[in-house]
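Note that the chains take the letters A, B and C in the order they are written out, and that residue 1 is the start of every chain.
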Amino acid sequence: MNSLVTMNDLTVEEIESILEDATKFKNGEKWEKEKKSYVANLFFEASTRTKSSFEMAEHRLGLQILSFDTGTSSVVKGETLYDTVKTLESIGVDAVVIRHGQDRYFDELSGVTIPILNGGDGCGNHPTQCLLDLLTIKEEFGKFEGLKVLIVGDITHSRVARSNAEALTKLGASVRFSGPPEWFKEEFSRYGEFIQLDEAVEDSDVIMLLRIQHERHKETASLTKEEYHEQFGLTVQREARMKQGSIIMHPAPVNRDVELANTLVEANRSRIFKQMENGVYVRMAVLKRALENRG
Amino acid sequence: MNSLVTMNDLTVEEIESILEDATKFKNGEKWEKEKKSYVANLFFEASTRTKSSFEMAEHRLGLQILSFDTGTSSVVKGETLYDTVKTLESIGVDAVVIRHGQDRYFDELSGVTIPILNGGDGCGNHPTQCLLDLLTIKEEFGKFEGLKVLIVGDITHSRVARSNAEALTKLGASVRFSGPPEWFKEEFSRYGEFIQLDEAVEDSDVIMLLRIQHERHKETASLTKEEYHEQFGLTVQREARMKQGSIIMHPAPVNRDVELANTLVEANRSRIFKQMENGVYVRMAVLKRALENRG
Amino acid sequence: MNSLVTMNDLTVEEIESILEDATKFKNGEKWEKEKKSYVANLFFEASTRTKSSFEMAEHRLGLQILSFDTGTSSVVKGETLYDTVKTLESIGVDAVVIRHGQDRYFDELSGVTIPILNGGDGCGNHPTQCLLDLLTIKEEFGKFEGLKVLIVGDITHSRVARSNAEALTKLGASVRFSGPPEWFKEEFSRYGEFIQLDEAVEDSDVIMLLRIQHERHKETASLTKEEYHEQFGLTVQREARMKQGSIIMHPAPVNRDVELANTLVEANRSRIFKQMENGVYVRMAVLKRALENRG
C-alpha cells in the first residue's frame, strides 16, 4: 500500500521516480487502471488549489470520484476520522485524499488498508505541495545540486517549509530561511541558516515565499500588512535586485502586497501559476503510485 | 474566447443561432469535444435551477465537471475571485460558470483567458435565464415580432427584467411593466411603459412574473404577502381574464400565493416547468459556443 | 414508477427479489441502462454511509450523478421540497434519493413522476438500511425462519427499528426489544416482547444495536455514557456470553463504548463493516428496480 503522508516516507529515488512520472504525464502519457477505481477527497479545511488539483488529476486518470462534503457528513454527528475512512473502505473506495486541521491526523489511521494521500495536516506536512515545488524547480534549473533556495516567512506554521527544506537538502540544494525571527524555530537550523532578506535577495536562485496563515495564528497583530511587506515581503525594489534567472515561488493563495507585491504575482520570474499547473501532474503520479499495485 | 456575461454581448444573429442550437439539442442532436474538456461551476449564491441545469447540460455534452464548493474553497481565506479563477485556469479548467452576489463581478476577470459563463451577477444580469425565456416564447408563438410581453414585479432587483426587456425589444416584441411603482426604475422606460396589472392582463401574450427577492431587500415590509398578491400578483381571478393562447412565465423559485396563485403554478397556461426544461438545452448551446473554438 | 419510501411498500416476494439482485451484484453481475440516466442525491441531514453508499451504487451502475448541495440550493430561499424535486424532474433527472429530517416528507411529493428512494425520513423509515441488514442476516444464516433477533436501544427515535422489526417478522424471524424502558413504545409490542438485555444475550442469533441519536433528543441526560454502556450496552462481558455463531450488528456511526464496547466494533462476530459493504449492493438493486422500467 503506497500511502503518502510525509516527505519522509520517500527515498531520494522515490522522489525522482515521482517527478519523472509527473513529467511523463505533463508530456501527454496516459495511465489508466483496467478496473474502475474509486477515490474520495476529504477536505476538512478550506482549499481551492489542492482540492481542485487532486480532482483534476483523478479525472485525468479516469478515476471515479466519490463526493464527500465534510460539513454534511457524519463527522458532524461526532464520528471519528478512523470510522469515516473505514466506512469508505468498506463501501469500496480505493484511496482517500485527506486534508485535516490536526497535525499528523494520519497516525490514528493505521488500521486502514487503503492508501492515504495527505493533502495537508495542521501545521505539519503537505507532501504533494513539496513535490510540485520540486518539479517546478527541476524544470527551471534541470537539477537541485548547488541551488540556493531562500524560504521566507511563516516557517513555524507552514506545512510547506519543513517538507521543502528537508527534501531540497536531501536532493543537494542549500536552504536558507528569512522572515520575522520569532517565526523561525531552532529545529530548522539543521536545514540551513537564518538570514536577513536583504542580504539573501541577490544570490538566491529561488525565493520561496510562504503564506501568512491568518487563519492559524492571531499573534501577527504586532505588524500591519504594510509593515510586514516593507520588512519581510518581496517588494518591487527587492525583486529588482534578484539575480538573473532566479525565480519567485509561493504556494498560494497569495496575500497580495503582503508576502509579495501585487504586480509581481504574474511577473516574468514568478512561477506561481506554473506551480499550480505542475500540481496536477505530480498528483497524477502520486495517485498512480498509490493505486498501481492494488487488485 | 466566447464568454457570455450579459445579453448585450450578443447580436440578434447570435441570439438566434443559440436558440437554434438549443432546439437542435432538444431534438436529440449530439455534440461532443474530441478532447476531454473540464468545467467548474462556481456558485457563490444559492441556486437549484441554474446550477443543476448547467450541470445537466455539462453531463449531456460529456464534459468533465470539477466540483467547487464555495464554502470550503480558499475564498473563505480571503482569496479574490480573480485568483480563484486563475487557479482553475492554471490546473486546466476549460470554462467556468459563475454566480456571484456582486454586480458585474466579471469586470475584474478581464485577465482570465478561459470563457466565463454568467449564472447571475447581483442585481445585474442572467443571460442564460433570458435565453431560456426566449426559447420558451419562441416555441410557443414561433416568433417575437408583435408579441405583447408584460413583466410584473420586482423590476429593480431582478437580473431577469433588464436582460429580457432589452432582448425582447431587440427581437421585435413590445414590453410593458407592472407591479409596485416604487420597484420600477425610470431607466426602464426606454424599453416600455409602466401600466396597471388589471389594464394589461387581457391583451398580453406573455405575463412574466418576477420573483420577490426577499433575500435582497428588506423594504417590502410595507405590504403583507396577501396584500402583494391581491394588488400585484396573478390571482385566479386575473388569470381567468387572460387572453386565449397567452402564457404565464416565472423564473422560479415561485413564492406561491404571492407573485402567483398556488394553483396556477401548474396551470395549463403556465410554462414554468417548461422554462426549466428549456434551460438545459440553452445552456448546452452556450457551453458549445464557449468551447467549440478552444484547442 | 418504482419508488421505495417505506418497507411497507414491498411484499415478501419483492424483498426477496431485491436481496437476490443485490447478491448478483455482489457476485459481479453488471446492469446498465442503454440510455444515460441521471440521479440526484438530496441529503438534508448529515450522512456519510448512506450518501456515499448510494453514490457508489450509482457509479457502479454507470449512472450520471447530479451534485446537489442542500446548503446552497434554493431551499435556503424557502423553496419547498416539492418544487425542488419538480425542478429536478423538469431538467431531466430520472430518480432522486432523499434524506430529510421531516417524518414522511414523501407524502407531499405525490405529484412527482420520477421515483423517490428514501434515504431516511426523520424518526420514520430507512428502507435501504433495513434491506442491507436483511442481506447481512441472510448471508450469515441462509434464512430468516426461526432466527431470534434482539433490537437494543433507542427504539422510539430509530428509523431502523420499526422497518426491521416489521420486515423480519414478515420473513419469519422472531424479534425482541431491549434497552431503556422509556425508549420502548407500546406499539412495538405487536412485533415482539420487551426483555432485559442480560436475559436475551445468550439465546439471540443477532444482536442489533441502535445508535443513540444524540442529535434527535436531549432527554438522555439522565444517564451518563458510562451508565448507559453498563446497563444497556453490549459490554465485553456480555459479548462473552453470546451464543456460538451469533452476530453483532449496528447501523453506525457507533458511539464507541456506549452502545458497544470500543474493542467489539471490529470483533469477529461484528458485521458492522460487512453491513456497509452490503449497503452498496442493496442500493444497486433498489436503483435498478427504480430505473429499469423507465423510458
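In this text, a contact is a pair of C-beta atoms (placed from the backbone, for glycine too) under 8 Å apart; a residue touches a chain by one contact, two chains touch by 3 or more.
All values reported here derive from a predicted model rather than from experimental measurement.
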TODO: Name the graph shape formed by the protein chains and their touching pairs; answer line, ring, star, complete or other.
DONE: complete
TODO: Count the residue numbers both chain A and chain B use at their shared interface, divide by all numbers used there, and answer same if that is over half, different if under half.
DONE: different
Task: Distance from chain B to chain A - Cα centre to Cα centre, in angstrom - done: 40
- [ ] Send over the residues of chain C in touch with two or more other chains.
- [x] 67, 69, 71
Task: Sites on chain B touched by chain A in the complex - done: 36, 38, 40, 64, 66-69, 71-80, 83-84, 86-93, 111
Open item on the list: Under the definition above, what is the set of chain C residues touching chain A in their complex?
Closed with: 43, 45-49, 51-53, 55-56, 59-60, 65, 67, 69-71, 214-215, 252-256, 266, 273-274, 276-277, 279-280
